[in-house]
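In the two assemblies presented below, chain A is common to both, partnered first by chain B and then by chain C.
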Partner chain A sequence: MKRIAGGKKNIRNLVNDYLIIVGILILVIYTAIVRLEFRSGENVINMIRQLCPLGMVALGMTIVIIGGYIDLSVAGMFSMIGIVTTSMLNVTSVPVAVIVGLLTGVAGGALNGAILNFCGARDDADALFITYGMSTVYGALALLISNGATINVPTNSSFLVLGKGSISAIPIAILIFFAGVGILQFIMKKTTLGRKVHLSGGNPVAARLNGVSISKSVMFMYIMTGLMTAIGAIILISRVTSASPVLGKNYETNAIMSVVIGGTTLKGGHGSIVNTVFGVMLITIMANALNMLGVSANAQSAAKGLILVAAIWLDSRKQR
Partner chain B sequence: MNEKINVRRILKIIQNQKALVALLVIFIMMPFLTPYFFTRYNMVELLLQCAILLIMAGGVTFVVISGECDLSIGGLMCLSGIVAIKLQESMPLFPAFVLAIVVGLLVGAVNAFLVVSQNADGFITTLGMGMLLKGVSLVLTNAHPIQGTNVIFHKIGTISVLGIPLIVIITIILLAIAQSVMKRTAFGRDCYAVGGNFEVAVYAGIRAKRHKVMTYLLSGAVTALAGFLLSARLNSGAATYGDNTALLINCGIVVGGTSFGGGIGGIPQTILGMFLFATLENAMNLMNVNSYVQQLIRGIIIVGVVCLDCYTKKKKRDDV
Partner chain C sequence: MDRNKILSISNVTKRFLNVTALDAVSFEVQKGHVHGIIGENGAGKSTLMKILSGVYQKDEGQIIFDGQEMNIHEPMDSLKLGLSIIYQEFNLVNTMTVGENIFFARFKEIGGLKKIHKRAEELLRSIGSDIDTYTLIDDLSISEKQMVEIARALSFDSKLIIMDEPSTTLTTKEMSRLVEIINELREKGITIIYISHKLDEIYELCDRVTIMRDGHIIDNRDVAALDRQEMIAMMVGRTIENEYPQRPECVGETILQVKNFNTKKLNNISFQLKRGEILGLVGLVGAGRTEIVRALFGVDKLHSGEIWLNGKKIEVHSPIDMIRAGMGFVTEDRKEQGLFQSFSVGQNITAASMDHFSQNGILNRHKENKIAEKQIQALSVKTPSAHTKAANLSGGNQQKVIIGRWLERNPQILILDEPTRGIDVGAKYEIYLLMKQIVENGSSIIMISSELPEVLNMSNRVLVIANGEVKGEFDPLINDENEVMASALGEEDTR
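Showing the complex of A and B:
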């Protein structure tokens, strides 16, 4: 009797875990059958390139969510970093511009962390509002710096290699992405820093009683997200060769969606970087498939909203 | 000695009534900065701006005091207006109005199901719901504003009774009802009990979950009403009207003195907070502040307000 009940529970968990993934896979297989160009090598390379910017942001988001917080400021920050980097590219050399871009991300993340630590935000609700406000601030700064105009990357710049170049047919961007995955997976699983983040997300009270400084974890999480967002933004502007002040729109939603679909729970404490890689792949392939099927941008945003709500719902069922 | 105590008391009053103090400062300063502020036209415009926001804020206050949060109101406001306009082409106004409200109730019911019955995190769930509703609005309008066709519909939004716009009168009546429900009925008292301490409320025999479901339904219905009135006033509906609304209203509620933790606050505080935000927006528009700078200021205020709320909570935690 007990075994049967356990079996039922297992089946329910299995359905919860894989419902969305199976749905997306069915969509992908359908697209591959009806649209031949979807399977072409060119499109696959294209998808791999598209995956990197969102992937980077999602990696950072995974750390914050495992730590029990959330970061909605990545949308504004992404735009700001894009504008700052392209502006710098027009006046200085490539390495300086890239470093300034990365530092902008680190500074933005550090500011988020410092504000959250200052006011003692201890749950994701406070973090959600504050980082949403910060997103507005960063977005406004991007608009002010660029005066609302799109800025182009100088043509023939060696900077373009980051987004467009490849080493023996493998895009450089994906190499950077997998290097990021490897480093972050190592930090999260093998170092005390990563374990502290897991602990502060899983049980903040126990973490504090064990001498883990939550403030330090928060700083680490948000600086990492800022840095990852910066790398993502730099790769994207290198591929599209321009930056608009609303470049990062919807990146926060897509990143959270990738993390949750990957299997990291929103309550914090559980999840992994590798899971998010699968989440990002699914989201990117789905967006590409919907484009190939000729679904309008409006319908796509409705579909994404539906998937996000469904993912949150299934995630909340998993925890009980 | 006596003076010292007086100063401290005054400081404490200022701390508790920061919204009122800020509002007074703006009202005293504005006539010096621009002659247009205290004109009859601008005051009516300010009241109208406030009225729509206040209707929604009144409903959301019940949710926030009960310890939850509703960020789907921005999307719902747009959607109900669009539904009302779409339906008035094929049916008389009254059924269209009823169906718009039903849409609000449905969204409230889905929110309640996810948050109360499935234990999903209220903030992220309703945020996702808002995105879904915006996507649906985009699909329904094809991303263009749509025009109302019914003459009476536009009349409702623009007519004045005894020199006061009808919308303002509706708002005042609704807020009066909300205040008496909050203070004089069991439902209102339950809000404070459930938000103050959920477990104690359950032990005291309050059907706390059912209560939370009711607050979400209420918030959905009044938001749909507000969306209907907004579309009636503008005689149009668009998916982008509500982009900042959810954040603005939730922060306005907190500025007034209601806390995200639940259990504290009331309708008068909400009115003050919303008035402050609307006046600030009005003042910035009158002074021709650059819209990017406006966005920056809005972001900084939101971060500041939520920070202050968190900081007070932190102080309370430390004192205990």
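Showing the complex of A and C:
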């Protein structure tokens, strides 16, 4: 039976659905009024640079979530890739170090996918626990390789151009990010591979019966997430010129939050790379605003956790 | 007030925003009758029942139950008045025992757990069931769960029990048990409202029938005074000359040979399929019919067995192999295994044919839309557009979408598992016509169905499956329903 809601109810639903986005916008406007430096060109460029590492991870996360799974291992993997890449930078040339860093991400993602396929994991609950375990493994590897110490990027390395350089005032990092957005948007919307990921996420049983190989979809989406995480980690260490073994802490939370606030449903099957870009923007601007207002890091973490829960609640509400 | 009326409904109207689900509905139910309500999906049967049970509130009208005006606000109220309803999806707590479920939330009134189990046992025995009251609901079969629901209804001293399509998931044997119980209840003076869209059951069980369509009552009649054609015509609002089209007769040479299939549930299954043939697989629920086609389609692993297609042996590892070999599979569970509910009608149609509108892995949306439009027209799927969400279509149209998905591949062999389950009479006929068209175009069909008349009227040949084995082969032109059924039930059930 069709339901046609009255106008009043519509507005209330709209406000409810966009509650978080409206809340963040209010915070941003408030900050822009009380903290003049928030609006400065310098801070805007700063935010754009900050956005890229999280943005990359969130793009990968969008693919896994559309495919009906989730990847909590990005936090540990992010740290591991950071440590591996900086270590390599200290002993070999920049291109080799970058390639090793990227391959580490691809290998990590492939391992995740292989384990999930091996365990016959067919829903996000299995993926949740398995990738959580893998996050611990990757995080521990980062600590083992680095002996728990922060590793610095060699000074004056041409590597630093990735995170700090610009082409006619546009940060190189954001160019890489938007290239990623374009490529992934194309893969997800215009290729059979992307369609198969959507179908697997929408109804894995039916997808298999229609000739989609779920195992291949799983491998593809976890490898993509690994690769995106690697690019994100490389951009970040290039900007901050060092890698701590806990570099990737909270990246999974922030990435999932960006995806869900962007409107991609955790149920799988539907979502959009482009929407995640807006999610990442909101999260980054919010973090920056809270910093400007002098909110402590711990309080920010608490706020973010609550926002994530609220976002998931709103998502499940929309399903009904 | 007529003393013989247990329920009298007058001018009841229910609107949902601006959709009128029930429009001034009036009818009466005689005490001690089994009263059928029949109508297609969306006719308003369920809405009416939910008003009677207190889930919905009526907007207008009057309901008199057992001589008193009924004014209820929640399901518990109707139960206390002596009116209970057994829904299609049972209302039982899976992790609790049978006894606890029967007296759910009434432990104190009855006086402790022990007494509950004793009373529950008495109730179950009174309807001839020997379920142990300490069993968990989880461990019961569907028909046993139904027994528990009936026992619970009796525990409220119900004068009227409403059963909402109780037969949907029952096997033939379980169904005859249900018929016995309903007859016993009628003898005890309990009135039953029996909702169904199966004509056979209405004729078998009911004294009187109310026919509903589009939120209106079309007629109330004594079942004896109403013939089948008339009842169908009233249900669908037009005359359907035949329930089945003329049986297609275009059987050719053998194209598929299944040899010695063995799996966990199957035992040496062998059969052949000919070009242009409709092969019916008959058997009780759980006999292994679905397992055969799942194994054939590469969904379940074979322990041993061979598949020969067009004289060549083919290796099957997953459904992809069979799709490439020219096979299609319409599953019995449309919602869980067939449809991508949240996807558009178009994307559902094209889901198995990505190779038809892509080149080097890149999709051509324009071509995809054309394919979707083509199948929507070819099958006359009733949908606002190809972009409508598949979940919003009626059951019959969803089924057409899934059949269209396979027809796009022009399969040599199409497997149809319960193709008309949960579909209206009118839409059923369209599906039958489609099947006829498919075989006349040179494809073959393997059809599984629990509705014996359907199989016998559509198939060229029928295999009976029982306990994972082929029990017999029948020619529907020669053998009748009873012979086939006797074989399906196994020798111990034939007299």
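Miscellaneous remarks
Quick note on the criterion: the second predicted complex is superposed on the first by the 307 of 320 C-alpha atoms of A that agree within 3 Å, B and C clash if a C-alpha of one lies under 4 Å from a C-alpha of the other, contacts with A are read in each partner's own complex, and residues count from 1 in each chain.
Criterion: a contact is a pair of C-beta atoms (placed from the backbone, for glycine too) under 8 Å apart; a residue touches a chain by one contact, two chains touch by 3 or more.
If you're wondering where the values come from, they're calculated on a predicted model, not measured in any experiment.
Considered on the superposed chain A, chain B and chain C are sterically incompatible, since they clash. Of the two partner chains placed around the shared chain by superposition, chain B is the only one that A:312 touches, whereas chain C remains out of contact. Legend: residue contacts after superposition of the two complexes on their common chain; A:118 is shown touching chain B, with no touch to chain C. Of the two partners, chain B and chain C, it is B that touches more residues of chain A. With both structures placed on the common chain, the touch criterion links A:130 to chain B but leaves chain C unconnected.
Of the two partner chains, chain B is the only one that A:148 touches; chain C does not reach it. In the superposed model, A:88 makes contact with neither chain B nor chain C.
In the superposed model, A:302 lies in contact with chain B only, and not with chain C. In the overlay built on the shared chain, the residue A:20 is in contact with neither chain B nor chain C.
Under the contact criterion defined above, the residues of chain A that touch both chain B in one complex and chain C in the other are 267.
Interface residues of chain B, counted against chain A in their complex, comprise 69, 114, 118-125, 127-129, 131-136, 138-139, 142-143, 247, 250-251, 260, 290, 292-293, 295-296, 298-300, 302-303, 306-311, 313-314, 317. Per the touch definition, chain A reaches chain C in the complex via residues 1-6, 190-193, 195-196, 198-199, 202-203, 205-211, 213, 267, 269-270. Put simply, chain C touches chain A in their complex at residues 16-19, 21, 42, 297, 299, 318-320, 323-324, 329, 331, 336-343, 351-352, 354, 358, 361-363, 365, 405.
Of all the residues in chain A, the ones that touch chain B in their complex are 70, 115, 118-122, 124-126, 128-130, 132-137, 139-141, 143-144, 148, 253, 256, 266-267, 296-299, 301-306, 308-309, 312-313, 315-317, 319-320.
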